[in-house]
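Once you've had a glance at the structure underneath, I'll fire off some questions.
The first chain written gets the first letter, and so on, giving A, B, C and D; residue counts start at 1 in each chain.
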Amino acid sequence: MTQTRNVGAELPSQQFENVVIRFAGDSGDGMQITGSQFTHTAALLGNDLATFPDFPAEIRAPAGTQPGVSGFQVRFSSSDIHTPGDRPDVLVAMNPAALIVNIKDLAPGGIVIVNTGQFTERDVAKAGLKSNPMTDGTLSGYRKIEIDINDRVKRALEGSPLSPKDVQRCKNFYTLGLMYWLYSRPLDPTVAWLKDKFSKKPELAEANIKALTAGFNAGDIQELFQARYEVAPCTTMAPGTYKNITGNEALAIGLVAGAELAGLKVFIGSYPITPASSILEQLASYKNYGVISFQAEDEIAAICSAIGGSYTGHLGVTTTSGPGMALKGEAMGLAVSLELPLVIVDVQRGGPSTGLPTKTEQADLLQAIFGRNSEAPIPVLAASTPSDAFECAVEACRIAVQYMTPVILLSDGYIANGAEPWRLPDVDKLPRFPAKFTTVAPEGGFLPYARDEKRARPWVKPGTPGLEHRIGGLEKAHLTGHISYDPENHDFMVRMRAAKVAGVRDTIPTPAVVGEPQGDLLVLGWGSTYGSIASAVEIARHKGQKVSRMHLRHVWPLPAGLDEIFSRFKAILIPEMNLGQLARLLRSEYQRHDFISYSKVQGLPFKTFELNNKIDAILGK
Amino acid sequence: MTQTRNVGAELPSQQFENVVIRFAGDSGDGMQITGSQFTHTAALLGNDLATFPDFPAEIRAPAGTQPGVSGFQVRFSSSDIHTPGDRPDVLVAMNPAALIVNIKDLAPGGIVIVNTGQFTERDVAKAGLKSNPMTDGTLSGYRKIEIDINDRVKRALEGSPLSPKDVQRCKNFYTLGLMYWLYSRPLDPTVAWLKDKFSKKPELAEANIKALTAGFNAGDIQELFQARYEVAPCTTMAPGTYKNITGNEALAIGLVAGAELAGLKVFIGSYPITPASSILEQLASYKNYGVISFQAEDEIAAICSAIGGSYTGHLGVTTTSGPGMALKGEAMGLAVSLELPLVIVDVQRGGPSTGLPTKTEQADLLQAIFGRNSEAPIPVLAASTPSDAFECAVEACRIAVQYMTPVILLSDGYIANGAEPWRLPDVDKLPRFPAKFTTVAPEGGFLPYARDEKRARPWVKPGTPGLEHRIGGLEKAHLTGHISYDPENHDFMVRMRAAKVAGVRDTIPTPAVVGEPQGDLLVLGWGSTYGSIASAVEIARHKGQKVSRMHLRHVWPLPAGLDEIFSRFKAILIPEMNLGQLARLLRSEYQRHDFISYSKVQGLPFKTFELNNKIDAILGK
Amino acid sequence: MAETQALTKKDLKSDQDVRWCPGCGDYSILNSVQGVLAGLGIPRHNMLFVSGIGCSSRFPYYMNTYGMHSIHGRAPAFATGIKLANPELSVWIATGDGDGLSIGGNHLAHILRRNVDVKILLFNNEIYGLTKGQYSPTSKIGLKTKTSPMGSVDRPFNPVAFALGCGATFVARTIDTHLKHMEATLAAAAAHKGSALIEIYQNCVIFNDGTFDAIADKTVRDDKTIDLEPGKPMLYGKTRDRGLKVEGFDVRMVPAASADTWKADTSSAGPAFVMSQLDGDPTMPRPIGIFRSVAAPIFNDGVNAQVRDAIAKKGPGKLRDLFYNGDMWQVT
Amino acid sequence: MAETQALTKKDLKSDQDVRWCPGCGDYSILNSVQGVLAGLGIPRHNMLFVSGIGCSSRFPYYMNTYGMHSIHGRAPAFATGIKLANPELSVWIATGDGDGLSIGGNHLAHILRRNVDVKILLFNNEIYGLTKGQYSPTSKIGLKTKTSPMGSVDRPFNPVAFALGCGATFVARTIDTHLKHMEATLAAAAAHKGSALIEIYQNCVIFNDGTFDAIADKTVRDDKTIDLEPGKPMLYGKTRDRGLKVEGFDVRMVPAASADTWKADTSSAGPAFVMSQLDGDPTMPRPIGIFRSVAAPIFNDGVNAQVRDAIAKKGPGKLRDLFYNGDMWQVT
């Protein structure tokens, strides 16, 4: 056990249902690690959790500047939560830039912990400020806790073999220690983590642990607080084994699992792009799962290689973000024509063009559905939370394999980098959907474009004796697959491909309505608006509003039964981080409902209160 | 004057309002030239005209085979016509393959003129036929005229210095001569054309003229016919100077004219692709118009070079077909973000993927509107006929320049290769829309993302002193154009770009309703369905059906006033050569109308009778 | 059922009608490829042809093997995926000068750089055939085509130099009408372990007829070309009376006796590149044959070895382990 | 108002904060470029920088000239359009090893092949910087990165050899920390008429720190590199006591006195390519400096000359003639 004094014991302990903390500092200050460690410890204590990291587009923006600020928000709770919180209750600001960038988000009356050691005139100037925000009124209305963390770390690590620069690098652990004290959390998990992480550099482990402990034990600081806080474990979480997982991690795991459940190996052809790169990176580390990962020369080669992988009998996968999606359109059309399984992952980011690469957005929906020449239908799914990305990945694999079709899976920057507790699945209970390979010609000869009951064509691995055949992007005759310029055949094949994809509807459920089955308003979402919508609808229902919600995983084809459900509500509110793309799609499918589009295109998720305000406005309250 | 005997004089002369002839033969038989010459002569006689060439995907498919058949249909008329006709009244078949491929289209009781010289057993076998269609009943129900054209040409050109092979190449002019006789047409225009074309090979000119004349004078053949036919000049054509023009020609001319009307020169960056290539080819020949044509290494380089051209102050243009469009999406997004003028031409063809490259289709509509990452709005126009392609090209240039935006112009294979008489515009009456270049910084400094009343930003030619600035694909701050990650600015700019494109609506007219302003059915079209719809609605109205029609040139943004017009009809029928893309778009915009989608995806235009059948079915007759 | 009998050329003909123009050089290439492949001892079902778009890219349809007619320019990317996923297959690419060097230049460059074990037939007719006659990145300067009415001003690629610049491990050149040479070259490429690029001078009778006549026509071929045969002296001429010799950076014409021996497997690609530069010199014979043939690590071997090593080291991944690892906690 | 005064380095600094990591090699490149360009006598408003995406591609924002930060890999295509449409501009490209050789390899190849009069700065840090450290097409075999946890098995491109294979007319190499050399090389490139490719070894302190140290570190540089200076003997070493000599296809180390003179303008690109192949030989000095500098027809000149000729021959096109030509008829 780490030695911790029990200084705070005499302070009153206050219970909170949930707390939102944001750590903010320079990119070099290690705020992402601080946040993750805090999260990790909260998870072990049984809190429900949601996190939101926010880092600059630059690799290392100049130190101390506003563009260089890196933040990590964590919300931990004793009850079910769905978002990392609208606004932090506590802001930790390591320098003036971090303070100024984040202060406007802090809840009124919230606590701001400031590292005064980094508030010299030069620091203020670096942040591009004319006056010192500590003294110019910026912080009025907040509870300000001033600590010279620079100095404290120096003193705590006096005699350490580390260079003064390296000593200062321990600042974040000092801060973390303090927060652990404030929220009555144990140090052990972080201590263990440090020991493991720096197993080859024990002096670094020791220094950071010292800093952590010093932060925890800083009695004189503790006196600045009026209370210690506690957030009890969340008792409504389903029993099971959990781990904290980001969307990209869950998605990568889901792809490997999905392939395995189909009896296949993953072939991923991909090209790095923010915020999708880490899926490729993670899959590259799963080689012992038989994953073949290929970093291609561009997005086009990436998808083409993946189609090649599928052709040989692997599960071809390609991962990208918006600009890369735009490049893959032609090859997607070929995949539609070849009728081979393929999973295309688009982790959406702010656009148009290069746009806001590190920010989130949901504006690739119509591109995913329609962004190819001619009639080239592809089923489209969307993940709603980090852990849902796992399930969606498995589902994408299922549809791809069962229907012999490319499938698009949409995620976004918010899901990709955000994390939440994931209840690990029971391996034996996962559904299996083994791929069927044709190995011998059936009676009457082999027909590469014959179809099964799902309208899927047979899958043959090259290398199979006797079934040699050619496929390509020219229109194919029904059954034989030979090139055909016949007008009726073309019409038939166009409709066949459309019917096949529409037929996916037969194997997907109608999404559940959460709340009453009818009412004044249905809040309908897709993708990462899930958390904000769930929170807002919960609040609305508490207020007594007749509001229910529904979330779409399958955005194309749309599930059966929606029309009937919609007709039970007076209006349907569709919040989207785009200019109303799902709303447009639904209007084009269902003519008689009142769809209200609510758009926010700021590179940021909806805040719960924004949705509640909108609901209130619609319902006239 | 060429010497023509007046053999047919004793035959009765029959008047027709309009006639449809299809010339069909092997790719090497020169059917395209035969058809064009017939067309040309008809034009000079003052007929209204429409043509439909149909040639194989192969460069030279094996002689005599069905895939090698090349056809040219021409309809000429004494009244206004809009299509090349549903079915030929006369089919000229130069070999068994041409006969078998085309006979099913011939109108019942129609005349089929067969070159029996090419109907040996070997010829029948080459065409992949088991029996000779001349004798196996295939031709029952038609009026069969048998001529051994091979032999007749040989005899007509006895003593010619040409090799036997070259003599046989004159077959098509023999045939043309015969058709000229049958339809009481003069030989002179074709004679003049031949003399010009073969000015350097007078022996070829002479031989072909001999063959032509021999065909005209073949008295013994003429006895096989029961009458000679006449089609009077069309008196309803507006006065003016006409020439026959294909859609791609008109489009190329329109681009040069559009640039000129804006005071600019064209920069075309393009990559060859069927059926768009000839636009690039034609523009490459307009160098004396200051056109810079660049054949890029691929479609991406093509559009990027065109954006570069626009950046320097040219009118950037790029031309392609569906698969190339799919590749340009990412760069289109950049053009949206840069806010530079650009005209992107998509000559649609059958898809998905490589599809049916030489066939027509209208299935890139939604790709054009939505096929890019994020919110990247671009105005979209569609040409409806070959000559309309001229006007649309000019209009695309206008919008691009006035709104500083990329514009997409959709054409298709049917328009591209089809021809119609084009009334040449009066140069002085063409609208001018001069581009305004900013050359000096305004009071208060130059702001690259300031906006005028159309929300267009200033256009500055690099090389202008004092206005140096940088542009790019990252989100830009309003006014200054500096990189901005600010959430509110992003939202503002996304909506600004959308508003700018939506604002194009303010400078486009509400399309006219042809027919009564209200009724049972409005037939609404876009693109190359124009002719079929116009014909069908004419017929329907003759029958007394309460049907009107409307055609959209601006498909995005949609013109103002549609909602109100739609509400005056009980239903709106939307025929499209896709699975209902405009119908989907309209449903997503206007909720309360009964849009009936009518799809045909055969790589072929609608036949008039198909539309009339559909109208009858809807109206219950 | 594994095929046990040796293949004949006919076994490799598919049931599809060949649809090139009469007289097209593609026919003889198809015929040679079928002949050479029949003799490789590889079962038909383990052969796979990938192509892009173009006249030449119709090739796979005519081979009674597995095949994919993909999209324009991307065949190397498909082939890389295929070969990585199933290294047992003998993978061949058919591409044109437009498909392979215009839109597809980057993929070609990267497959050669990586040394994926795929054989690439580059049908160079110095024109876009299928789209009816526009100039290509190998067209001669000044060529008048539909898109270059005043003559092309694009300096052409030299495909051999391009491949060498990409680090290709096997680079050769042959001629559609030189059947024996073509077959020998194809056989050498098939035997090479790693990427092999074979540039084939191919006549397009319709749009660029005779573009290679000055060097490839049978009447002048012996004098106008020199066959680079590894390990043999660099000789040419009908009677093989002349040869080439390298002096410093220069290559000179010499009597046969003084000719240098050709080496295609030097550690530097310099010699091969130097020979490729003779193309620009009308006084010199045009080199054909094998410019370079050198052993180097093969990309698909490397990738698959890492998979095998990872499995050997960590054990084959189990689904449970995929989930249950790292920092977990229990909720009860 | 034309600028009349000579420019200073400061005039070329834009008002935007430079946002590379502290210690990044990009800073010194920016500084050198600003220095060299200020001295060219070209007015600022006639300078234009185009880039793709990457750390290096942020370059245009920092130049107080016209500039376009385009999309990943496509800068050469934009630059080609720009230079064709306005040949008066001095057009520069800033690109990275990922931007220029991975996704953008084809456009780079084609701009070099065509010899468009554009100067290309290839920031080679052998890594993808902006996307946070994946291996690139120039990364060394075995490099462990996020996407190559067991080491990269991709054989790297040699950018100089690549450019030569594409027929580039000016190819050079320099080092971010070798300021004098960099400036001389930039100046030579600026003076070249036609495409110029300059590979710049650039250190990424964050993701690939020190990758060039073994040859570029100041302590070893003189011994581990050789500066190819056209017209000068090929010497290296701190005291320039050693040199290179070409024998047949081989390059040998010799005492200074026996060194050959370097020629960068031979009609064949062979010599330059032979020198590029020394990269693979650890016993040899790494060539930097000017591999090739040769005059050749310039694409934008050719294209614009045809426009001028057409106008001279046919007269400037008039709108009326555009319509009223060919077979017309009257309807009255």
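One rule holds for everything that comes next: a contact is a pair of C-beta atoms (placed from the backbone, for glycine too) under 8 Å apart; a residue touches a chain by one contact, two chains touch by 3 or more.
Keep in mind it's a predicted model, so treat the numbers as computed, not measured.
Using the mean of the Cα atoms as each chain's centre, the chain most removed from subunit D is B. Counting C-beta pairs in contact, the pair that comes out ahead of the other among A-D and B-D is B-D. Inter-chain spacing, taken between the CA centroids of subunit A and subunit B, is 47 Å.
Computed centre separation for the pair subunit A/subunit D is 39 angstrom, with centres defined by C-alpha atoms. Taking each chain's centre as the mean of its C-alpha atoms, subunit B lies 44 Å from subunit D.
With centres taken as mean Cα positions, subunit D sits 29 Å from subunit C. Shared interface positions of subunit C, i.e. residues touching 2 or more other chains, are given as 53, 69, 71, 103, 105-106, 110, 137, 150, 154, 303, 306, 309-310. Among the residues of subunit B, those in touch with two or more other chains are 67, 287, 297-298, 300, 323, 330, 333-334, 353-354, 472-474.
Contact residues of subunit A toward subunit C in the complex are 40, 43-44, 46, 189, 237-244, 253, 256-257, 260, 267, 269, 286-292, 294, 296-298, 300-302, 304-309, 311-314, 316, 330-331, 333-334, 338, 423-425, 427, 430, 461-474, 482-483.
Those residues of subunit C lying in contact with subunit A across their complex are 1-3, 14, 16, 43-46, 48-50, 53, 60-61, 63-71, 74, 76-86, 88-89, 106-107, 110, 303-304, 306-307, 309-311, 313-317, 319-320, 322-324, 326-332. Those residues of subunit C whose C-beta lies close enough to touch subunit B in the complex are 17-22, 53, 55, 69, 71-73, 102-103, 105, 128-132, 134-135, 137, 146-150, 154, 206.
Within the complex formed with subunit D, the residues of subunit A that make contact are 58-63, 65, 67, 271-274, 277-278, 280-281, 284-285, 287, 293, 295, 297-299, 323, 353-354. On the side of subunit A, the complex with subunit B involves touching residues 57, 67, 300, 321-323, 325-327, 329-330, 332-334, 336-337, 348, 350-357, 359, 361, 363-364, 366-367, 369-376, 472-475, 485, 487-488, 490-491, 494-495, 497-498, 578-579, 584-585, 587-589, 591-592, 600-604.
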